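This report refers to the structure that appears directly beneath it.
Letters A, B, C, D and E name the chains as they come in the text, with residue numbers starting at 1 for each one.
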Amino acid sequence: MIDGVVTAVIAIGAWQALHAYAGEAAIASPLKALRHLSGLVATAGFWSHATATLTAFAGALAISAALGIGLGLVLGLRRFAGEVAEPILSGLYAIPKVTLYPVILLIFGLGLGAKVAFGVIHGVIPITLFTLTAVKGINPVLIRTARAMRLSQADTIRTVLAPAVLPEIVTGLRVGFSLTLLGVLVGEMFASQRGLGFLIVNGISLHNVKQTTAVILMLVVVAVAANGVLLWLDRRFIHRP
Amino acid sequence: MAVVAFADPGGGMPATARETHAALRGVTRVYGRLAALGPLDLDLAKGEFFSVVGPSGCGKSTLLDVLSGLGRPNAGTVTFEGAPVDGVPDGVGIVFQEDASFPWLSVRDNVAFGLRRAGMDGAEIARRVDYALGFMGLSDFAGAYPAQLSGGMRQRVCIARTLVTQPRLILLDEPFGALDQQTRLLMGDELLRLWRETGATVLLITHALDEAAMLSDRIGVMSSRPGRFIEIVETGWPRERDSRIVADERFGQITARLWSHLREESLKAIGKSSSRKTSVP
Amino acid sequence: ETITVTHWGSAFYGAPYAVALEKGFFKKRGLDITGFLTSAGGGTSVRNTLAGEVPFGEVALPAAILAIQSGQPIKIISGGVESVEDILWITQPDGKVGSLADMKGKKIAYTAPGSVTNMIILNCLQKAGLEQKDLQLVAAGDLGANLSAVLNRAVDAAMSGEPLWSGNQGKVKAAFWAKDCMNPALTQTVGITTTEFARTGGDKLRALIEARREGVAYIKANPDEAADIVAKAYSGDPKTYREVFRHFVGFEYFGDGRLHYDNMNRMLDGMKLVGRLKGPVDWKQVVDPSFLPKDLQATQ
Amino acid sequence: MTRERAIALTRIAWLAGFVLLLEAVCRLHLVNPLTLIPPSEMIATLWSMLASGEFAGDIARTFSTVAIALVLSIAIGFALGVAVHALPRLRRGLDPLLASYYSIPTFVFYPLFVAIFGLNSVPLIVLGMAFGVPAMILSTLNGLDRVPRVLMRTAQVHRLGRLATLAHVVMPSALPYLLTGVKLALAYAFIGIIAGEFILADAGLGHAIAYAYDGFENRTMYALMLFVLVVVTGLNMTLHAWEGRLMRRRARA
Amino acid sequence: MAVVAFADPGGGMPATARETHAALRGVTRVYGRLAALGPLDLDLAKGEFFSVVGPSGCGKSTLLDVLSGLGRPNAGTVTFEGAPVDGVPDGVGIVFQEDASFPWLSVRDNVAFGLRRAGMDGAEIARRVDYALGFMGLSDFAGAYPAQLSGGMRQRVCIARTLVTQPRLILLDEPFGALDQQTRLLMGDELLRLWRETGATVLLITHALDEAAMLSDRIGVMSSRPGRFIEIVETGWPRERDSRIVADERFGQITARLWSHLREESLKAIGKSSSRKTSVP
């Protein structure tokens, strides 16, 4: 806790120093950004942007998670399929996905669909990979225990497999959370009239440094906080031997 | 196959005098091209304490697999309480060689796991679990998670989890492997007490000869791979016994007998299979 | 329903639409416009138009031409912004670039290769009698990045335009203007639609063009009020916007929708200059003026 | 071995199937040929493009930028990882920050980078490192955490100095994790730099794609996309295979 | 502290009759607030084979830490060959309880590690490594990697790696923990042979009482934590000996003696420290 506060203080200090070095034209000071942010938050317009992003993000995350976990479970349980798919997935993970933008636009049209799709293509692969690896690496004696207790297949998945791979799924979700958000924002930067991604591009093109810095600040805080919460849940409720 | 008795059969529990509880007939098990087990016969009498000793990799765990119905034999038949075994039958409890505690459940929930899945009534679960925890010296750790326990305690959790289901045939694969030798013998005493109190049939796989000699009615000595029984030693211990019998002179004789076989088998095995991989660059 | 307007929120191509929306010029004609899709310009705007709910967009003329040349099924149906008079190059208050000739040996920024600013700066070089090798031209990205580059002294001069220029006048000074290098009457944007929608949605297209025209007229009549409306829509500073709009009215920034072929041809010349034009353009095949109000169709 | 073969063949079959499906979909005009072109045409265009050397400059530019970013990511990430590992308190504070680095769309910092580094290729390199460095730090930390204590003690028993311990015990022990970091750094360098070029630059593959996209030159665009896909996947697979070979001997049976 | 001799001291190597090789005086070790060891005194005679037995967690590994200079005592002094110990002294070799083979090096390179780091000449390294590999029965696996070996073989690699440096004091912490009991005794024979051939002083930590009884000149029995020697048993075995001495009647007497102490200490220890974590929710 104290370490976190100290780090936050250091980060803000570094930010201030950067501001002092690079100047008003490049990055707003922490105080200004905060003030602008609080002003921004008070406007209704801002919330319509935030809601737009949140809607797309929630949809994208839900799809990424469901698809990623489902696919990961299936590929993990079917070893052959898993080994076929894994390098393909990690290859896909490594491609610069912005270049796919035209294709996404083509398939999903404009607006929410494209944003969600963009979020999903960023987020689904890490979640799949983490789940797959977890299922593949599950301690076989746990499955044997389930058999020794004569559990049905469904019971085995529900009461043994799922909780056993939960820690890795949570890690996958943490990564997936961040990347899905990134994907949605990138999507909004290309084609949208609303959303925080739009606010950022808008801020850049109008050279509204305060707005850009404020929105990024908010995103960073949200992302770090969400990750912190997931990390905390992970530590609190997952008992690793 | 020689059968050796170290005492008047009247004192102990000769297999022949009792009803057969589980039996293997001409059982073999092959992994790929590797013959792991058999052909092998075994009759477990109802209520007897049978130990299996043998060099590492000789097929002891494989024997347990086949007997429990977790794995199928490639040839031969397995029966439990008169019925052929296909899948793990009701009434069989298994404790594995590896730590099989569920890390996401507390000790209490681990122990209650099997009963909950079987849909038992809550009060009865609580009663049985409390008893098992006490029996295994885990009462103080009911709320702890496996990650907070030592390897030996985790293994005790697994034993408790199996015992609460009150199996009639208990299969234990090196359950004390994670314990130091002193604690092993103390746990052995607990196991003997349990066996006496429940009247279950016990099959114990172990590396420790003194453990086998101290605990068992009969000890099956296995050859190196593919495992077969080269000798079955009857100890003739009374049903009422504990680790103090190590002072008995028969104990030394039994151990020496086991040793003479195993020294030989070990010498064979160490050259061939001390590496698990068959091909090495 | 949404239509596409390039650079909505950051440049003023969208101003007539903002006014039309606020003043009910769309509603009056039975249009239910709820928002405007934006993009950082170029091909994205055209693609957004193709993919949008109502396939009508005000997009950059070069992008429209390139799209048509590559076989995209679209037509130019109206004119848009007809001037580059707001475009200029800026430098630091103590900057060394005070005129075209000063560019020699300096580092000069523009937005992106093949863009309008690329073509203007090349015109400026010609005008100043300079060659590309006499100075360093760098593509810095959009207006914000250009301004930032000047403020951070990463370049000696950079391109700018409204509203950034008016909003930052104290921090930078003008080096030279686009109009110093060329005739600033240039068609920047045009209205486009798909050939398919041209067949089925003629009424809507006519109504859109009329609504925009009314918006343009309103800006001319009430620049201050229009500035306030746009400032609200763009979340901008009303004071700056009023200043900007007074300029705009001065040089007829917003066309009323008619197609100025001279202005459009000047753009073609520019595209040739930057090497973006793939072949000759026959306006007859590219343009469909039938959705313009009768009084505007005649203009050739 | 036969199983591995079967897996490789199945994988190739799937990929080939996908490409063929795409080809069929395009050839049968199930999608608009103005929006998607058949893979065979992409390959043909790519081939002639590579033969003509038209994009050689862009390719060289992107690869050199990626290479610089990669090397810097690895070096800086590793050094910082070692430093942070030595300071557990700093680490506890940094933990949530490190864990969420990838949710920040780093290219919004481009103007800031320009302000700091000037209008040249350095901001792009920094963009390429923005994800690579934290990934490498995390991998290094992960690797250092997992150096078994007993190996460190073995180093002590052999009376190795700090540097010798680092070189002969810590690094090789952490190597699998370091390699993971390298793989990520490579992927992120490509992602960051191509995305940066796509949006901001006036040269390089990303820019060439964006330029072709803007000019509706679909063939060029798809050919370039295919090129990026093939190169990145190829590099990734090579690294994967190399890692696999290196690690196989380490894998506990 | 009682010293018990089971045979005429002339036959074996009583500590008093020989030059002291390493010594602990009034040594204690504390982890935080947990007293892990001592205060404790120990004199190792040059060339003797000393074993330490004691319940789990009693501080055996801590003793080794302090003696080797890996850890510092909180009080007391440690000397090796007359000089105070600060850091691991030259001439001390250690085999750890855990598998400490380097997974990225082949068996040969593992064994050569220490010599290479010490900058020894290549030909001499090859000669010594070959000898050590042969001695440990690893010659066929020189090119293999630890992952391809069984746990027992990996432990042998670690022993070989330590031996090639020709330490004058060899400290072994449960080196056979990964082996089954049969293989342990066979490895014990190898260790005896090595000890005889090199004349090194050996300190062996073990849980297995029969191992200690069979191998050692003296056996230190430790109390439960904080560990102290409650008894030092002199076996009186001849220097020429191997695992066949288990047939000797003195073997049984020694084991029984060790047992009587350990049963008691184990009972104490199991209640207190069978979980490594001190606080459990």
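Worth a mention:
The criterion applied here is as follows: a residue touches a chain if its C-beta (ideal position, glycine included) is under 8 Å from a C-beta of that chain, and two chains touch if they have at least 3 such contacts.
If you want to know which protein each chain is, UniProt gives these names: A, D = ABC transporter permease subunit; B, E = ABC transporter ATP-binding protein.
Everything numeric here is computed off the predicted structure, so don't read it as measured data.
Among the remaining chains, none touches chain D as well as chain E.
Touching chain B and chain E together: no chain. The leading chain pair by number of C-beta pairs in contact is A-D.
Among the remaining chains, C is positioned farthest from chain E, on the basis of C-alpha centroids. Separation between the centroids of chain A and chain D, computed from CA atoms only, is 19 Å.
Chain D has its Cα centroid 38 Å from the Cα centroid of chain C. Measuring from the averaged C-alpha position of chain C to that of chain E gives a distance of 84 Å. Each of residues 148 in chain E touches at least two other chains.
Across the assembly, chain D contributes 110-111, 114-115, 199, 213, 253 as residues in contact with two or more other chains. Chain A has residues 22-23, 25-26, 102, 106, 189, 204, 209 in contact with two or more other chains. Of all possible chain pairings, those that touch are A-B, A-C, A-D, B-E, C-D, D-E.
Chain contact summary for the complex, chain B toward chain E: residues 55-56, 137, 140-141, 143-144, 148-150, 152-153, 179-183, 185-186, 207-210, 243, 246-247, 252, 256, 259, 262-263, 265-267, 270, 274-277, 280-281. Chain D contributes residues 148, 150-151, 153-154, 156-160, 164, 168-169, 172-173, 175, 249-253 to its touches with chain E in the complex. By the touch criterion stated above, chain B contacts chain A in their complex at residues 68, 70, 87-88, 90, 92-94, 96, 98-100, 102-105, 113-114, 117, 145-148, 154, 165.
Interface of chain C with chain D (complex): residues 42-44, 46, 63, 66-67, 69-73, 107, 109, 112-114, 138-141, 144-145, 148-149, 151-152, 154-155, 276. Partner chain C is touched in their complex by these residues of chain D: 34, 110-111, 114-115, 118-119, 199-202, 211, 213-218.
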